[in-house]
Structure formats: C-alpha cells, structure tokens
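Input: one structure, supplied below.
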Amino acid sequence: MTFALVVEQTLNGVQLGILLFLLAAGLTLVFGIMDFVNLAHGSFYMVGAFFAATFAQWTGNFVAGVALALPATLAVGIVVELVAVRTLYARDHLDHVLATFGLVLFFNELVRLVWGPEGRSIRLPVVLDGSVDLPLGITYSIYRLVIIGAGLMVALGLYILVNRTRIGMLIRAGASNRTMVGALGINIKFLFTIIFGLGAALAGFAGMLVTPVTQAEIGMGEQILIVALVVIVIGGIGSIRGAFIAAIITGLIDTMGRSFLDVLLLTVMSSNAAEAAGPALSSMMIYILMAAVLFFRPQGLFPPRGV
Amino acid sequence: MACWGHGRNVVAEPLLSVKGLSKQFGGVVAADDLNLDVLPGEIHAVIGPNGAGKTTMLNLLSGQLKPDRGTIRFAGGDIARLSPAGRSHLGLARSFQITSIFRDFSVLDNVALAIQAHDGHGFRFWRPARGEERLRGPAARVLEQVGLGARSDMLAGNLAHGEQRQLEIAVALATRPRLLLLDEPMAGMGRDASDRMIEFLRSLKGEYAMLLVEHDMDAVFALADRITVLVYGRAIASGTPEEIRADRDVRDAYLGDDEAA
Amino acid sequence: MIKWIAAGVAAAALLASPVLAAEKIKIGFVTTLTTPAAAIGNDMRKAVDLALEHIGGMMGPLEVDLIYGDDEFNPQKGKQRTERLIKQDNVDLVAGYIWSNVLLASAPTVLEAGKILISSNAGPSQLAGKRCNKNFFNVSWQNDQTPMAMGEVLNRRGVKTLYIIAPNYAAGKNMVSGVERTFKGEIVGKDMTTWPTQKDWAAELSKVKAVNPDGVFIFYPGGHGPAFIKQYQQAGLEGRIPLYTVFTIDSISLPRFQQAGMEGVLGTSMTQFWAPDMDNPQNKRFVADFRAKYGSYPSFYAAQSYDTIFLIKSAVEAINGNIDDIDAFRAALEKADFDSVRGKFRFGNNHFPIQNFYERVVVKDSDGNWTTSVRDAVLVDHQDIYAKDCAL
Amino acid sequence: MRNAITSRRGIVTLAVFAVIASMPVLGPALGQPFYVDVFTRVMIWGIAAVSLNLILGYGGMISFGHAAYLGLAGYTIGIMSDAGIDNGFLQWPVALAVCGLAALVIGAICLRTRGLYFIMITLAFGQMIFFLGVSSDRYGSNDGLPIYSRSEFKLGGAELDLGNGTLFYYVTFVLLLASIYAVYRIVNSRFGMVIRGSKSNEARMNAIGVSTYRYKLTAFVIAGVMCGVAGVLMANFERFVSPDTMDWPQSGEMIFMVVLGGIGSLFGPVLGAAVFLLLSEFLSNIMESKNIIFGPFLILVVLFARGGVNGLLGSRAERRG
C-alpha cells in the first residue's frame, strides 16, 4: 500500500463521488422543493448517455455531442414533467414511487426499441484518451481528471445559481416553505417545471460524462439511482450541500472499500474467509453506511434548515 | 369548589410547574426562561400575539418538542424528558390548534381508541376491539358529555368543523387527564359554536385543570382564573383577569383597544 | 378489470388451442429477448433461424415448430416460460438457456415432465456432476474448461505473476477457479467485483498498476467487457501489462471495439472451443451465411445454438421421427452424429461435450473487420472435471 | 366482512375466490392445466401482498424491501434441505423464525425514520440481503439454490405429500384464506386499531398515550413472518431460490400488487396479485416489449384508479381520484 496508490484511490473516490453528486443534486432539489420522490431520475442518466453517444457519433466529436445532448435531455425532462409528473405532486410518496417505477419500465423499453439492446460507446478525442504523469510518480487517466473538473464546475455553478440568483432565491424559498413561493406571486408550476428539467439535465450530464468510461446501456440508471438515493438520504433530503458532502463520502468509502478492505480483513481473519467476505462486504458498504447514519441521525447528516 | 380556582387563597401544590423553560430554533428564540404553574382545578390562560411561542410552549409541555433547558414538573416529577405518550399516561392531555383527530375513523372509534390507550392491553391481536363494551361504553359516555352522542357512527372527517373541535376535546377527555392543554379550542368557530364551547369548558371547570391558549378574548376572560401574557417566548405578565386587564404594559404590548373590547 | 382478466384468459386459451399433429416436432427455445442481455439472445435467435432455414424447416419426416421464450434475464420468469412451453404449448423438447440460474430454476420442470432438455450455453457444475440427468444435454462446455485452457496458455507464455479481476457471481467464481486449477505461477492480486452494478474499475486498475504483474486475467461478459478494456486503456495499462480474457471479447463486442478505435484489442489472447475461421464445411457455411444474412460475425453463442438445431435434427432423423420413443430419441442424441461447427464433438457420460479448446486471438479479416482467429489447441479432447461425479 | 357479501364488490370477490378454489378442476377440464400453476403463483404472491398490506395499507409503512422475506424463507428451506433436513415440521418454523428475527432487526432500525427515509432504508436492507445471497458461494451465489426435495410432513403413518400438485394447491389456498382471516382479525383488534390509528394520525396517537414504535415494530414482524409463509410456499413450489427473488424490483412489484388491488382493503391484495400476474402473463404471451404497455399502465392506475380493483368495485362515493 504505497502513498501513490492511496492518492490515486482518493482521486478515484472523488471522481465517483462527483458523478454521484450530479445525480443526487437533481434528486434532492426535486425532493426538497416539490416533495417528489423520483425513481425515474436514473432514466435521465440513461437517456443523456444515449443522446450523447448518438450525437457524438453524428458530429464525430464528443464535446459537440454533449453540447447537443444537454438541451435534448432537458427537453425530455420537461416533457416528462408536463405529461406525467405534474399531476403527481399533490399525491403521497407511495404514488410517486409507483408511478415513477412505471416510468422506469417504460423508458428502459423505449430505449431498447429505439437504440437496440447492445448499448453504445463514445470514442474520446485523442487529447483526453490515455493518462498523464502527475508528481509523486502517479499516473492518472486524463479523462477522469476531466470528470472531476467538470463536476466541480457544475457544483460551483449550482452553488452560484442557488445562492446568487433570483431563481435560486425562489428555489431556497421553495425548499423551506412551499406556500411562500406561491405567496410571492411566482408561477409555481413554471418554477417546478424548470427545476425538474434542470435536475434531469444534471442527471443526463452525469450519464454523458460516464459513457466514454463505460458505455450507454439499458438499466444503467437504476443501478446508480439506488446509490444516488443512498447519497441524498445520508446527506439529508433536500440539502444540496449535504448531497455534495455525502456523495464524496460515499464515493470515497466505496472506492476505499474495494481497494483496501481485503488487506484489512486479512489482518483479522484467514485468507479464505477474507476472500469470501471482502467482496460481499464491499458491495454492501454503502448500505451499511446509510443504515449506520440513519440509526444515529434519522434525518441524515445535513437536514436542510427549517425542516 | 369555586374557591379552588383562586390559587392564591388556597395553599395547594401546583399540578404543573414550569421553571426556566427555554427553546431555540436556529437563531429564533421560541421559549425564553419561561416560568408558569397550573394549580389543580384551575384554568390558566396563555395569551400573546402571533409568533409569541404559545404553540411551542404547548409542544414542550406535551412532549412533541424537547426543551434546551428548564424543568417541567407535573404531578410531582420532572417530565421534561418524557415522551408524549409517557406524559399522557401521567394525566396530561392536549388538543391541537389544527384539528388532530383520526379522520378516517368513526366518531366513536376516535374516542374508544383513546379509552383503549389508557386501558392498556394494546397487544391484543384477535378479539374485535369494536365488540368490547369495556371500550365502547365509556367512549359513548364521553361523547354524550360533549354533546356528540348522536354523531357516534359518523366518519370523523365528515363532521362539521365545530364538531371536530368538540371531538378533539372528547378524545382528550377520554384519556381521563388531570390537566388539559388546549390549543385554541375556539379556532375557526362561529360565534354560536364558540359560545357553546365556552359553556362546555366552563362545565368542566373544577373537574380538570386546564392550560388554555386562546385568541378569543371573550373566551379567555370568561373562563380563566389566571392569565399569563407571552411575548417573544417570554412571560411579560401574569395575574388574574382583572390584573391583566389593568396592566398597562400588557395593554401597550398586546391588548390593543379593539382586541380588548 | 375483471373483464380484462376474463379477456386475458380467453385470449390465452385461443392461443393455446391444442393441435394434434404427429408430423410436427415442437421445440421450445428459451433465451433472453428483453433487457440489455437481449444482445446475446438475439444472436442466438438469428443462428436458430438460420439453422432452420438451412434444414428447410424439416427434421427427417417432421416439420419443425419452434417457439421462442423470453426469460427476461430472471430465473423465475425463465422458469415460468419453461412451464408454459411444457404444460401449455406441449413442446416435445426444450432448448436454449444462456444463464446458469435460469437453467437451474427451469430444469426440474422439463425433466420431471420426462422431456429432453438441451442447454445451448449454460453449463452449471451441478448438472455436469452430481445432478446430471439422463434427459439433459449440453452442447457448449462446462464453465471451468475455458479458463483451464487459459491457465495453460499463461503457463506457455511464461506468465509468473497474475492479477485476476472478475465479477463476484457464480460464473465469475467458476472462471477464477478454472484458471487457478491449471495456472502454475503466483496469483498476486484478486478482485471480485459487484455484479452487475460495478462498471467502473478505477480502484482495481490502480491496484494492478501498483502491483505490476506479468499479466491480468479478466472475465467480463456482455457490455462490461468493452467498458473494462476501454478503462484498461485509459489507465495507461494497455501495452504495458498483457490482458488475458475469457468470454469477454466476442463477435458481439468486437464491432464496438472497432467502432471505438481501440486498436489495443488486436492481438489479445483468449481461449475458446470454437472460432469463426475454423476450417470445416459446416462452419464455413454457417459463418458465411450468417454474415450474408445479418451483416456481422456470429458469436460463440450463435455457434452453439446452430449446433443445437443440427444435433436435434440428427437424432430425429436417426429414429425416423418417432420422437415419442424417448429412450430411442435419447440414445440417438447421445451419439451426437452430426456435423458440428467446431469439427470433432462427442458427448461424455454426463452429456457434456468432450472437445478441444483453442487459443484464439483478435485479428483483422480481409475486409478489415475485427474478428477472432483460432491458434493452437490448448486442451485436446478435454472432458470437464465434474463428469466423474455423474452416475450416468 | 358480513355486509360485504351482498355488495357488488362482495359478489366479484366471491366469484374470484370461487374461480381460484375450483381451478385444479376447472383448468384441466378446459384443457388449460397450465393455469393451475399460474393460480398457485397468484395465491403465493397473494399471501405476500396480503402481508405487505398489513403494514403498508393499514399501518402506512411503505416498505421497499419486503421481497427480502421471500428470499430469507426460501433460503432457509433450501439450506436446510441441502443439509439433509427435509422435515417440514422443522423447516417451516425455522424459516418463519428467521423472517421474524430479520424483520425485528430491520424494523427496529428502520422505524426510527419517517417518510422517504423509511422507504430508502428498507430498500437498503433489502439490497443488503440481496448481496448477501449473491455472495454466498456455498449456496450458489447468483445461480441460486435448487431445492431438490419438498418439505416432508409425516405424522405417524400419515403423510401430506406436497409433491401432489392439487394438494399443494389447496394447502396454498387454505394458507391464503388463513392469512386474509388473520389480517382481518388483527386489524380489527385492539392492536389493529393502534396500527390504523398511527397511520391515520401518529401525533394524535402519541398524544393519547401510545408509543407507536413498539406497535409498528410488532406489525412489521408479523408482516415479515406472514411473507415468510409465502416464501416457504414459493420455495416448495418453484423448488428453487435465488437472489433475484429478493432484488428491489420484486419489492416494487409487490407494492404495485397491493396498490393495484386496493390499498388497505382485505381482499384487494389478492385481486391485485391476480391482475398483475395474469396481465403480465398475457402481455408476455403476445409481445416482447410488454413493459412499454406495463409501465404506462402502472402510471395510469396510480393517476386514475387509486383505490385499485377493490375501489373500482365499490360504490361511487368510496372512490378516490
């Protein structure tokens, strides 16, 4: 276990955390402001990935593909809000869970019909492909550094949007007191549509970023959605700050578990037992983390103020 | 019996005694070194402008909130750390400002459930609760007492607003309390209904001690033995209705002419 | 809603109106036609359709009536489809099955009905060993065999230190234990990753870099394979540490590698019982017609499915269509007297093939398409290790 | 229960149960023996849905990990059978005890939370148990665990042979009726009044002196054990258990069955399970992409038929949405 390895694994953990944050941010905004549980959030992640793959192929350029895919995913989010989600705000969480579960089934099947079952990949521009030498004898994938950078920029942009702009003021007002926004004379329906679309675009962006590393695939949304839900629950539902910190913690814990758990287990048990327990434990790690957090703090680490 | 109400004339241990009660939300002080007591059989009214912390005080007393500091002695022991359910078992009952009943239960079931809660034996899984005379009988009697006898089989959610407020009191009474914490029992009622509620509460006087939070000054001055005025979580004055009516600070701070009238 | 149920029951009844026709053989073919795994199922279906075309829809005197069943990548659903094939569609025989878990769940339904079950891909160790069954046949391989061949390849290449990365599920563990069985060097690292959720191997690849082994062995079927190899490249490991794979690079994933321009995949070594360029007439016809019809190379899943149909055909012909004589039918199947795309082929006592395993490498064909090409036979006439536990 | 018999809902419910009761005769008579299996499955899922309805419909606890008990019970049967213990008198109580114990631990932690937190943490526990199944090399990992022999019930000379399809069918039928009856008794008992009261208004429940936690936890455990019954039956019917049984979409489907049938109604969950399974059987028969229909259907049910089948059968006044 060298120092370089630890640094590298930390970078890996942060990179995973950044992706999780992009997903969790939209989820937690939509929950905080509209009190809406959206299992279909992962579908935007998937749709964004497929859009980016397709547009990148058309234009022959990854960045151009993303530039086209972002508004497209935003549009899908807005359409879903207008057609299905809008009528659900007034319902209880159970209805949200069920209806959006239905949306998940629908989107997976739709993508299969449109793009086929095989999935799509994106070819990275040569400058991004490959790795770079960092100090201390660390080599690291350029593209993963790009993901970290892009994610941090979005986080910063989101921070500015929420804390420095008029729409951000409305978002904050809405998160702490829903009726108040209505009292301000704002077209609340419009605000909700915008926020939902924004959340969808963020999720889609995460999907676009991850596609050159993995690939666009049916069902990719559900797998990461559950982790993103874990993140917002740990962070405190409705809190962007909480989502960010919890996402990084989750990313780090998951990565560190995969990296060093086997070594740790070897110090306390036989190698056979460690070999069996290691993968099992590391796949359950984030759930254990969440259960532990909720046991001690049932409202998550950073419950939004006023709740 | 009437002399009971005038606490200062009779040497009686207070039933409820609050000392130094404080609670903050973020930077907002909702209760600030609050001192208060309620004597057995007394009606003690708490008034104050909106946002004075009246409901917070009730929530602290009934256990929905835990105080930052201070003691709440009830029937001899400190209950500040007790759960709402635990306090209920000691004889503390409350009504809520926003009607809090089991809307999808029948009127009788609402009260029977409260009877059951104090009968113990909640872990009976098989015998139909609705067939138990031990619960139904007392529940029906409480409903007669509050004048909802004819409504027994209606769905509670379908009652008129005033009747729902009555039911709320009935549910509280069914727990056979020693002290009733009433959060604006007259809220949203028309004049007639309010008058009936005042009459009803007056009929309970002496039998139960009450801590009454109310905006309706007619009701307060008609019912209260003592009044405490709350502003920004502080008790700024306390005394008999006459003393409060005469208190210049209170008039300035709160009882503007039109409201006092 | 109740009307719907009634309508549903009625419609289902119509669909299943029993047709008594002795001149037909009804074959159920269970595979995955929805979910991302449908990529494999579709390839199998293409091969079966092609095989039926090649035999003119006839097996001896019998007309073939083939019914596909979708297992939805889920053992319970797969079992239900199998049940319907047996009890409602009254098939004479069931074939197909990609996944061990679907096969294990479904096998009792078929075998207890006294019918023949032929697996075109899944080969769980239970059914090869202790729980082998006279009516169960497998036309692919047993999970351990391919990685055992890979272990031999590693020995021949002089690999002394090996790092293993594989998914933490049954097949993944079989692959790992297979390699460990024949590999003579030292295993310096092993990561079993969460399946199927984990598609990012940053942490594992960092560890590989730190350990710097002679070789890395992986097993990632389906969409995971391309993702892994892409990340291997992005991490700067490609060209530095050779990658050895089983069931990770196939005809389904190669076009995607080519499309993504991942030249590093060329020359990658893997082991398999078959390759598209194996030199026998049956294989030549299969691969050429498959490419002509569908525009891509067939995968090994397709090859096995194609073989499945010809195996059944050979047996039906041998007993002259009298498939109700189950004992004769079984005996004819056991002979495996058909032209396999892999050339030589015979069944062992446990009804799993005894066959060669080859090293194959990724190459460009004459048109510039990426495909795999067969090299030396690594294991010759190899029988799986569980056969000795089979009482047949 | 009594007055229900004369209503439209009562008649339809009775008709559905009559169809279920006569299926082992009806199915083969119509040349559809396959439907005996389909209805066995309907009944098993019906028991699971009835158990979920106890906490979801009557107690307002949205558990998104209820499928875990199907798997836990199934694995207990499978593991005992693997160890050579086929005695049902031993297997079944142990399986139910495992479910009860798991529900006790899971519930004790989850019930500290509310709302979405509760949904999520039950989901998390469900996934943990799912991964436990995937990691258990000894018991087949994700390949699952075949169960080669059914539970044996021998008493003296008499034997209850679960291998007999018709007998198994009626054992399941009786257990289904028993679980419905048990829920009927429970929700109308003192305990049930507390559970329903806490769903209706938890703050009020506390204020009248009931600590709802212990009651909800007890209900959670009862539901877990009852779902264990479904798991035990499923293991004996499918003779196979795998982690997929416990994966989260299964829990989602179970919730959907309850809502589809009519949340908080006695027979609704069984109707829901029947409609869900028959519809998905029917759709997968006629098309490959059934989810393109099934997904929107789910949304439409939520939007327009909130009372489920049970609500549609009821009087106009009872309908919501």
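Chains here go by letter, A, B, C and D, matching the order in which they are written, and residues are numbered from 1 within each.
The criterion applied here is as follows: a residue touches a chain if its C-beta (ideal position, glycine included) is under 8 Å from a C-beta of that chain, and two chains touch if they have at least 3 such contacts.
These numbers were taken from a predicted model, which means no experiment stands behind them.
The chain with its C-alpha centre at the largest distance from the centre of chain C is B. Taking each chain's centre as the mean of its C-alpha atoms, chain A lies 32 Å from chain D. Rounded to whole angstrom units, the spacing between the C-alpha centres of chain A and chain C is 35. Measuring from the averaged C-alpha position of chain A to that of chain B gives a distance of 48 Å. Counting only residues that touch two or more partner chains, chain D has 131, 134-135, 137, 289, 291.
Touching of two or more other chains is recorded for residues 108-109, 112, 279-280, 283 of chain A.
Looking at chain B, no residue sits in touch with two or more other chains.
All chain pairs that touch, listed by label, are A-C, A-D, B-D, C-D. Interface residues of chain C facing chain D in the complex, by the touch rule stated above, are 1-2, 4-5, 8-9, 11-13, 15-16, 18, 33-34, 70, 72, 74-76, 79-81, 83-84, 87-88, 100-101, 104-105, 107-108, 124, 126, 131, 168-171, 173, 194-195. Within the complex, the chain D residues that touch chain C are 12, 15-16, 30-35, 37, 41, 131, 134-135, 137, 140-144, 146, 148, 238-240, 242, 244-245, 271, 274-275, 278-279, 281-282, 284-286, 288-289, 291, 309, 312. The part of chain A that touches chain C in the complex is made up of residues 2, 4-5, 8-9, 12-13, 15-16, 108-109, 112, 116-119, 121-124, 129-131, 139, 141-144, 210, 212-215, 217-220, 223, 255, 258-259, 262, 275, 278-280, 282-283.
Touching chain D in their complex are the following residues of chain B: 62-64, 83-86, 88-89, 93-94, 96, 100-105, 109, 112-114, 116-118, 121-130, 132, 135, 171-172, 174-175. Against chain A, the residues of chain C that register as touching in their complex are 34-39, 42, 168, 190-194, 196-197, 199-200, 202-204, 206-207, 209-210, 223, 226-227, 230-231, 233-236, 252, 256, 259-261.
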